[in-house]
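Once you've had a glance at the structure underneath, I'll fire off some questions.
We call the chains A, B and C, going by the order they appear; numbering starts again at 1 in every chain.
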Amino acid sequence: MRRGRVLAGFLLAILTAMAAKYCLAQAAMRLPGELAWNIGYDPKTFDPAKVDDIDSETVRYLTGGVLLRFNRLTQKVEPQLAESWNVSPDGKTITFRLRAGLKFSDGSALTSRDAAWSIQRVLLLGDSAPVSAEFVAPDGVHVDAPDARTVIVHLPQRVVEIGKVFDEIAIEPAGRLSEGRVTSGPFYVANYLRSQYVRLRRNPYYELRDADGSVLPRASGVLLDIVENPEEQIRLFLRGDSDVIDRLSPEYYEMLRQRNPGTVRDLGPSLNTEQMWFNQSPASPLPAWEKAWFRNQAFRVAVSQAIHRDDIARVVYLGHATPAYSFISPANTAWYNRNLAPPRTDVAAARAGLLRAGFRLQGAQLVDADGHPVRFSILTNAGNDERLKMATLIQQDLSAVGMQVNVVTLDFPALIERLMHTQDYEACLLGLENVDADPNEMMNIWLSSSPNHQWSPSEKTPATAWEAEIDKEMNLQATSRSDAVRKAAVDRVQQIVADEEPFIYLVYPNVLVAVSTRLEGAQPAVLEPELWWNVEDLHLRGTR
Amino acid sequence: MRIRLLPVWLLVALALGASLIVALPGASYAYQDREHTLTGASLQHPAGTDELGRDRLVRVSAALLLSLAGALAASALTTAAAAAIGALAAFAPRGVAWLVMLVCDAFLALPWLFLLMMVRSALPLQASPAHSAAITFLVLAALGWPACARAVYSGGLGLKRSDWIMQARASGLRGAQLIRQVLPNLRPLLLPQFLVCVPAFVIAEANLGALGLGIGEPLPSWGGMLLELDNSALLFRTQWVYFPVALLILVLLLLEAIPVEA
Amino acid sequence: MKALSRLLRSLARTLALVLLVMIGSTLLVRLAPGYLSDAREMDARYSNTVREELAQEAARSHSLPRMLAREANSWLHGDAGISRQFGVPVRELIRPRLAVTGGLLLRSLLLGWALALTAALVASTRRKSGIVWQAPATLLLAIPTAAMATLCLLAGSGGPVFVMALLIAARDFKFLCRMLRQAWLEPHLLQARAQGIRMRRLLAVHVAAAIGAQLAALAGLSLVTALSALVPVEVLFDVPGVGQLAWNAAMNRDLPVLLAVTLLMALAVTASGMLGGQPSEWERA
């Protein structure tokens, strides 16, 4: 009897152990010479013209051949399929000269007809091709192909930094939509298993050569494993099943730094910002006195002064973030305003400022001139650990000046509904991702008439003098031909924003990446895609 | 006989100890010691601090009182509702049983996540953390009963066919009298249900944080502390993250060890 | 005749359930905050496209009966509608995932039952109720599924099947233990044991019969347990199954996908209910 029980227990243990071994999750097998990394979700589209999410963007970047490529490291536009290009003095005509003997990945010839067709297609698709909006007036654009190697684009009006727009237009075979199967870029889509992986193979007809004449891309292909969970991504990286990780969180960065030193890199501040703002919209259902606080510049400045940004960078980001006072990051050397004089952290000054603005302390609670206690909620999106922690730190910082803050997390659709539709919120803490260094990209955030003018969307006329001035300066930088004038205008906007604090900037999170020691040729850049912008050069050690 | 009540006394001692720690002068579950984040045990912080430098011992104690009270109350509600509904279905006419079980199945399948989202959007953003916590546990209790009710139903059916019930019915026992005899006999079925519900609710509350419901910052939530376990980077930095889960298991074992017949 | 009427009755029940679930989930999703919003609205580059899509969706979904009719219609046509998020017929999205999830469920149920039964048999024959046996089960039930999954990832061993099986085993173990203990205490079994009849024989003849009816209910319950753990397990282990899809659909308010997944769940739950209910029906007949 006893022996039977012991046996059963033993059997149980063996069964459990075997189950653990047998049930290991399987990743897709990697082919020789193939690079591998993770994307979070299924690409929504493989049509390069219709790309509007980050994972489709990755596939387009790796497969699409473009006339011009924006070098993420030097931040200069370089010809790619084009041999040369020039813009007319009035900025309205762009002429491209294609390289000789270009071919698609199926071996068919690539001519100016294909290039013109691809550009026209983007323009015709209108709203379903997000790139088209960057032409400002896409309806008036004409594309000509006078001979087999020349493409001429006529614009109705000058567009700032037009070269970069062509970095996003993949050249496809005219009239043959292939969903990335036939491409002019370094790779083409060979295989896609929904929610499992996308496999890219080397384009055998890729024209570009290395400086020493060797064939590019150096890797035989790329395996994009679809893995959403960061834990799993880390595990695959540690096992050598993926070669790079972008957008590492500070916690995982520190863990990898200890477990695998030499694989992680902190590239310094990114172009992205984390900020908090108060709802100033006249359409919001908030009580009148709250609206009055939020429209009061002294109130916003006091809140900004009471927040300890150093603590946020140190406690929340484990030191991998830089305190922020402007919408332009110091990493953006060309546009950052070095002479900015923002109100710094100073709790005494915050208290004094509030007193001057008519607020007073009743015990530990701040009340306004009419006796309403200063109490509000900060909204942020659920599932973002850093933002929740920042909000909790701010909660304590603001309680030091007598404000009572409630932290609320909502899932994204519910949050967006409040921000964009009902305007039923008091303050919000979110981040802004800047893909591009040029501040012209941020037009929609600063123009008071824009629906993305977060603190008070779609104003019919600017509500305040300073908003009117921002409108003026932003329009100036969008149309001026002189770089100096543009820089001066953007500097002025930075100073206005620092003074008025419609957005209270908190930190610039640093760019944190992990690169396997087996991977050669990696030159991580601050701009997206940080790790594979030079995918042609990437290869595993020992494979060519 | 005294020894059999030991688990009860231990639980009471635990609750008293937690209240004492929370009530201690200078103890604050919200104060952020930003110079000492995620530290191990020290004189100042006997169980270390969390990521924002808050004392873990005070937070765990407060959470023990708060989450556990909420989860226990919600579990009790749910189990009671399930017992009532399950027993009703088992002893009612077959048409009623059919309907009740149908509703049960539909209840189990519906995506209640969205109801919780609606509850959140109906709640003012300024609702205090405690307020939102109470509502959360109430909603959880209201949603938790069907799985349990089905188990009670099938247990009840078994009873219905048992000899002593036959006997009781034959000798003229009806309705309410019968139920009073049946319920105690369902206890071996209900106790594990109740115990399973407790950790489930503790964790469900934490997961609801994702929808803006649950216990909001800076109030400590046990579930929130348990969820720290799914971050391997944190586990890598300090072992104290396991403290809340160890305590939860202890509490559950004690609950389980309470003699039912007493 | 009797069999036919029973079949008809269960068919009617399934239909009623499908209808209830369909109306319920459509109502829930449509009324949830954020049905008519999209994260891309925040991005100036895409906001125009998105606003147009949302306006179309708003026009389509302002009356609930019409929404229901549309969904029902797409089900009758067999493609279960077009996913709002991916723009692909739902059937195409679900079919490959169904196989993955089915396999996962089957394997974890079998493994879980094997573990639970073995453990319960061993534990119930002990004279003293060992805390040694109860503690691991309590531990498994107390740790969040997500944390268990992370621990597995961290340890580099154990996968989705393992975690699910452990969960099922822990839950079933407690029930089985109680049932077996009760069974052993029945007078005839006590007598038999006192007489020294072999354990194996007792198990096969008496104990199995005593717990048989409850076992079926338990099987149903473990299926429900497995289904409830499906979403976190699949999301954390990146298993391309139905649970992962359901989570995605919920976060993106993708009604057609969600409806399909919910109906599948409802059917699975009903099936498990029948599993639990059948012996009693059969006995009464």
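The definition used in the following text is that contacts are C-beta pairs under 8 Å (C-beta built on N, C-alpha and C of every residue); 3 or more make two chains touch, one makes a residue touch a chain.
Fair warning: this is a prediction, and the values are worked out from it, not measured in the lab.
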Chain pair with the higher count of C-beta pairs in contact (A-B, A-C): A-C
Label of the chain whose CA centroid is most distant from the centroid of chain A: B
Euclidean distance of C-alpha centroids - chain B vs chain C, Å: 21
Cα-centroid distance, chain A relative to chain C, in whole angstrom: 38
Intercentroid distance (Cα basis), chain B paired with chain A, Å: 41
Chain A: positions in contact with at least two other chains: 231, 410-411, 414
Multi-partner residues of chain B (each touching 2 or more other chains): 117, 120-121, 230-232
Shared-contact residues (touching 2 or more other chains) in chain C: 32-34, 150, 153-154, 236
Chain B partner contacts - residues on chain A that touch it in the complex: 231, 234, 249, 251-252, 254-255, 258-259, 308, 311, 314-315, 375-377, 379, 382-383, 388-389, 391-393, 395-396, 406-411, 414, 424-426
Residue ranges of chain C touching chain B (in the complex, touch as defined): 13, 16-17, 20-21, 24-25, 28-29, 31-34, 131, 134-135, 138-139, 141-144, 146-147, 149-151, 153-154, 171, 174-175, 178, 182, 213-214, 217, 220-221, 224, 236, 246, 250, 258, 262-263, 265-266, 269-270, 273, 276-277, 280, 283
Sites on chain B touched by chain C in the complex: 98, 101-106, 108-115, 117-118, 120-121, 147, 150-151, 154-155, 157-158, 161, 188, 192, 195-196, 199-200, 203, 206, 223, 226-227, 229-232, 235, 245, 248-249, 252-253, 256-257
Footprint of chain A on chain C - complex, ascending: 32-49, 51-52, 85-87, 93, 96-97, 107, 111, 114-115, 118-119, 121-122, 125, 150, 153-154, 156-162, 165, 199, 235-240, 244-245, 248, 251-253
Touch list for chain B against partner chain A, complex: 30-32, 34, 37, 51-53, 117, 120-121, 125-129, 209-212, 216-218, 230-234, 236-237
